[in-house]
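Working notes, structure below.
Which chain is which? They are A, B, C, D and E, in the order written, and residues in each are numbered from 1.
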Amino acid sequence: MIIGKVVGSLFSTRKSEKLVGNKFMIVEPVESMRNTGSRLVAIDIIGAGIGEYVLVAQGSAARIGCDMADAPIDAAIVGIIDEGQDWSK
Amino acid sequence: MIIGKVVGSLFSTRKSEKLVGNKFMIVEPVESMRNTGSRLVAIDIIGAGIGEYVLVAQGSAARIGCDMADAPIDAAIVGIIDEGQDWSK
Amino acid sequence: MIIGKVVGSLFSTRKSEKLVGNKFMIVEPVESMRNTGSRLVAIDIIGAGIGEYVLVAQGSAARIGCDMADAPIDAAIVGIIDEGQDWSK
Amino acid sequence: MIIGKVVGSLFSTRKSEKLVGNKFMIVEPVESMRNTGSRLVAIDIIGAGIGEYVLVAQGSAARIGCDMADAPIDAAIVGIIDEGQDWSK
Amino acid sequence: MIIGKVVGSLFSTRKSEKLVGNKFMIVEPVESMRNTGSRLVAIDIIGAGIGEYVLVAQGSAARIGCDMADAPIDAAIVGIIDEGQDWSK
């Protein structure tokens, strides 16, 4: 998993029907976990807000671990990081 | 998932029979989501046009989430991004 | 998927018995789809020749999409790109 | 798999219920196995301590290989490297 | 798959019980198939020696293709490259 900051959200009206009802958040990985151009779009099953630091699972873990095994989802916010931790170093 | 712009399409006459009937689009990820050489080929289940910004799912999510679990597909356009959003920053 | 050029082939006498009978081709992704050091070895289910441009599927799509779900294969040539297309830009 | 050093841990109170009870460790891959920004968060099924060098499995191997096939987990510490080895070169 | 050179081996006494009995080899991809920091640890089902060039499968192909579907394994040596080939160019 990686830690990232929620920097925005995204709307898509024309999309796979399996994606209906999901929120799409744009996540920027923290510096120690990012390379050039590594922002990503993740669904949010936790209810994270813009500016919060979150735990993101990628790959089949996102689909299966979020009970959407049949949906075209490859990244999901699966936790919100508690404040006051020095993880970004 | 990542956001990309559809920059072209692709024709392949000699291909796996499981791919017959699919459209192959060339997608360039937006700047915040790309590194060097990260264009990719995705099938299109939504009907995106050249120049549109789309949501792309990769890995097993593309096959399974697009109801082609047995096909050699590792990337799919699964949504078209609504216009007027500031997601590219 | 990515587009690449077949630049060579490979022989391995001592290998997993599940790989017996496959051809191993070395593929160089086209410039817009490659980073440093991104050549790869793919099995070929289509019959591509050296110098041809091909469509390569990676990950579980290669195994499952090529009817070799139990084999240690993570990349496969699944189509040959029709000539005369301007996809390399 | 990759070898990394455990450099920290992470707390997340609001998270997927499938993650409850897991420890989240921050792992920095050793130099020969890392690129820019390649730290990651892994669950720990072995009981590694801060400063120990560990073996990390990624992708579906982390979920399935750690008997948490339904959880949103994409990386796991699956071994502790014996001391006195020259693997970091 | 990628081609790499076996540059070392690794011992881990405290590890997942599903990994017991496996040999862990450190593999350096050949130049045309590596980027910064891309060495990896792979199990060896073929019996490769230090200095040999091998074929490595990654992801679920390593687990499933090597008959260890339930083990936390994401890379495996699945072939030894025949000598005298000019694949490294």
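Here is the rule we use: contacts are C-beta pairs under 8 Å (C-beta built on N, C-alpha and C of every residue); 3 or more make two chains touch, one makes a residue touch a chain.
Since this is a predicted model, take the numbers as computed values, not measurements.
K.L.:
Determine the shortest chain-contact distance, in steps, between chain A and chain D.
P.N.:
The fewest touching-chain steps linking chain A to chain D number 1.
K.L.:
Indicate the lowest number of steps between chain B and chain C, counting one step per move to a touching chain.
P.N.:
1
K.L.:
Suppose a student superposes the Cα atoms of chain B on chain D; what rotation angle should they report, nearest 5 degrees?
P.N.:
145
K.L.:
For chain C versus chain D, what separation do you get between their C-alpha means, in angstrom?
P.N.:
So the centre of chain C lies 31 Å away from the centre of chain D.
K.L.:
Report, in whole Å, the distance between the mean C-alpha point of chain D and the mean C-alpha point of chain E.
P.N.:
Whole-Å distance between the two chain centres: 19.
K.L.:
Of all residues in chain E, which are in touch with two or more distinct other chains?
P.N.:
35-36, 38, 59-60, 62
K.L.:
Graph of touching chains, which shape: line, ring, star, complete, other?
P.N.:
ring
K.L.:
Going round the ring from chain A toward chain D, what is the chain order?
P.N.:
Traversing the ring with chain A first and chain D second gives A, D, E, C, B.
K.L.:
Contact residues on chain E for chain C in the complex?
P.N.:
Against chain C, chain E makes touches at 1-3, 29, 31-36, 38, 45-47, 55, 57-62, 64-66, 76, 78-82, 85-87.
K.L.:
Quick check: in the complex, which residue numbers of chain C touch chain E?
P.N.:
Touch residues, chain C against chain E: 8, 10-16, 18-19, 24, 26, 28, 35-42, 59-60, 62-63, 69-75.
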